[in-house]
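Below, each structure is written out as structure tokens.
Across the two complexes that follow, subunit A remains constant while its partner is subunit B and subsequently subunit C.
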Partner chain A sequence: MNIDIIFKIAAIGILVSVVNHVLTRAGREEIAMLTTLTGVVIVLLMVVNLINDLFNNVRSIFRLY
Partner chain B sequence: MFLKIASSITIVICCTLLGMQMSYRYKQRIYNIRVLQSILAHLETEIVYYSTFLSQAIRNSIRTLDGDWKTFFIEVADNLENKTEYSLTEAWNKSLNKIQKNPCVGKTELDIMYRFGLQLGNSDRQNQKKYFEIAQQQLKIEEENARQLHLRYGNMYRSLGLLLGLGIAIILF
Partner chain C sequence: MDIVQIVGVGIVAAILSLIIKQHKPEIAFLISIAAAIFIFFIIADKLPYIVNVFNDIINKTQIDTVFISSLIKIIGVAYITECASQICRDMGENSIASKIELGGKVIIMILGLPILKALTETILQILP
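For the complex of A and B:
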């Protein structure tokens, strides 16, 4: 289990929130919204494998085959 | 590891420079409009009070100024002197088409100058003076607009460039 991915996700979160703030201040709410969505999608793509592992583990622990 | 850090720094620097370039456009546009106003003021004096030939009047009015519009006026004067076009309007529009591609020149100024070029040299002095005044007024409004756009988007592009560079570097790291 790699701890790096947590820091990566945290950094992306901080960046997206700052970009969101900057864009909202400049009066471009729709692009700010788009940025937030992009951030969410990128983070989801990064964690989708981990979520898959989690479900597999849960299944194997409770013998839900 | 070293390669990773070096390429990340390169990405951040490139994106920051791109953002600064985008914000520089807004600044340069204000400057261009201001220069255009003083060129027109000079040109008005040359035409209304001195009655110089137009090509010479243009050359006199741009002598001390610079900016992106200077090349436009130099081209118009060249075309007039070399007689490469049939009329002033044609020479004017030909040069306008060239300056259209410049990112530091807005579409509204181009429109103003296009309409001004249609009227230039078509009537007597009093009328010409009127057209100069109209163009100056419109340019003044446009300068104010450009200033507001700069305040609004100039800072945004500068910080956005840096932040997007950081974002790409983090995602790729």
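For the complex of A and C:
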């Protein structure tokens, strides 16, 4: 469990917002919306993996079966 | 030494989510969730010591071990419930947060029933 996951998520967030601005300037709102969606989905997958690890950890520590 | 790590992670994650909140609030909330989970992992390798000390203390006395195990379960459920409801409140979903807390209370009540039963039995024995 290392810190770079948070930095990776932040980088994806910044990247998606920049790409979004560029695409809206270029007049392609629908593609901008799609890139936002893919960015959020990628970040969501990473966070869901984190939550899965959290629940397994808590279950093993507190013996919640 | 770990407290420095926890504080560092917390502040860095807060700043990062603030940066991203103007453009993409959904990703900002995901950052705060990731930071919360990461901080739990930092303390996760210390919790078993506490649990083991509890078990040793209880084994010395003649108290039944069912109580201590359900107590630890209740602490675990309470932690997860509080974590999830705080995250939902951060996102502005107060109704969902209160429903999560309601569910947590019900589960804790169920876990605590055997303790309640044992307590009433001992009280009835004491009374003439």
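Keep in mind that, in the parts below, the second predicted complex is superposed on the first by the 57 of 65 C-alpha atoms of A that agree within 3 Å, B and C clash if a C-alpha of one lies under 4 Å from a C-alpha of the other, contacts with A are read in each partner's own complex, and residues count from 1 in each chain.
Everything below uses one rule, namely that contacts are C-beta pairs under 8 Å (C-beta built on N, C-alpha and C of every residue); 3 or more make two chains touch, one makes a residue touch a chain.
Here the structure is a predicted model, which means the values were calculated and not measured.
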After lining up the shared chain so the two structures overlap, which partner does A:F62 touch, if you call subunit B first and subunit C second: first, second, both or neither? second
Superposition-derived comparison: subunit B or subunit C, residues of subunit A touched: C
Between subunit B (first) and subunit C (second), which, if any, makes contact with A:V47: first, second, both or neither? second
Between subunit B (first) and subunit C (second), which does A:I3 come into contact with in this model arrangement: first, second, both, or neither? second
In the superposed arrangement, which partner chain does A:I12 touch: subunit B (first), subunit C (second), both, or neither? both
By the touch definition at the top of the document, which applies to A:R25: first (subunit B), second (subunit C), both, or neither? first
Give me the intersection of subunit A's contacts with subunit B and its contacts with subunit C, in residue numbers. 12, 16
Across the complex, what residues on subunit A touch subunit B? 8, 11-12, 15-16, 18-19, 22-23, 25-28, 42
Any idea which subunit C residues touch subunit A in the complex? 9, 12-13, 16-17, 19-20, 23-24, 26-28, 30-31, 33-35, 37-38, 40-42, 44, 47-48, 51, 69, 72-73, 75-77, 79-80
Within the complex, which stretch of subunit B touches subunit A? 152-153, 155-156, 159-160, 163-164, 166-167, 170-171, 173
Using the touch rule from the top, collect the residues of subunit A that touch subunit C in their complex. 1, 3, 5-7, 9-10, 12-14, 16-17, 20, 36, 39-40, 43-44, 46-47, 50-51, 53-55, 57-59, 61-64
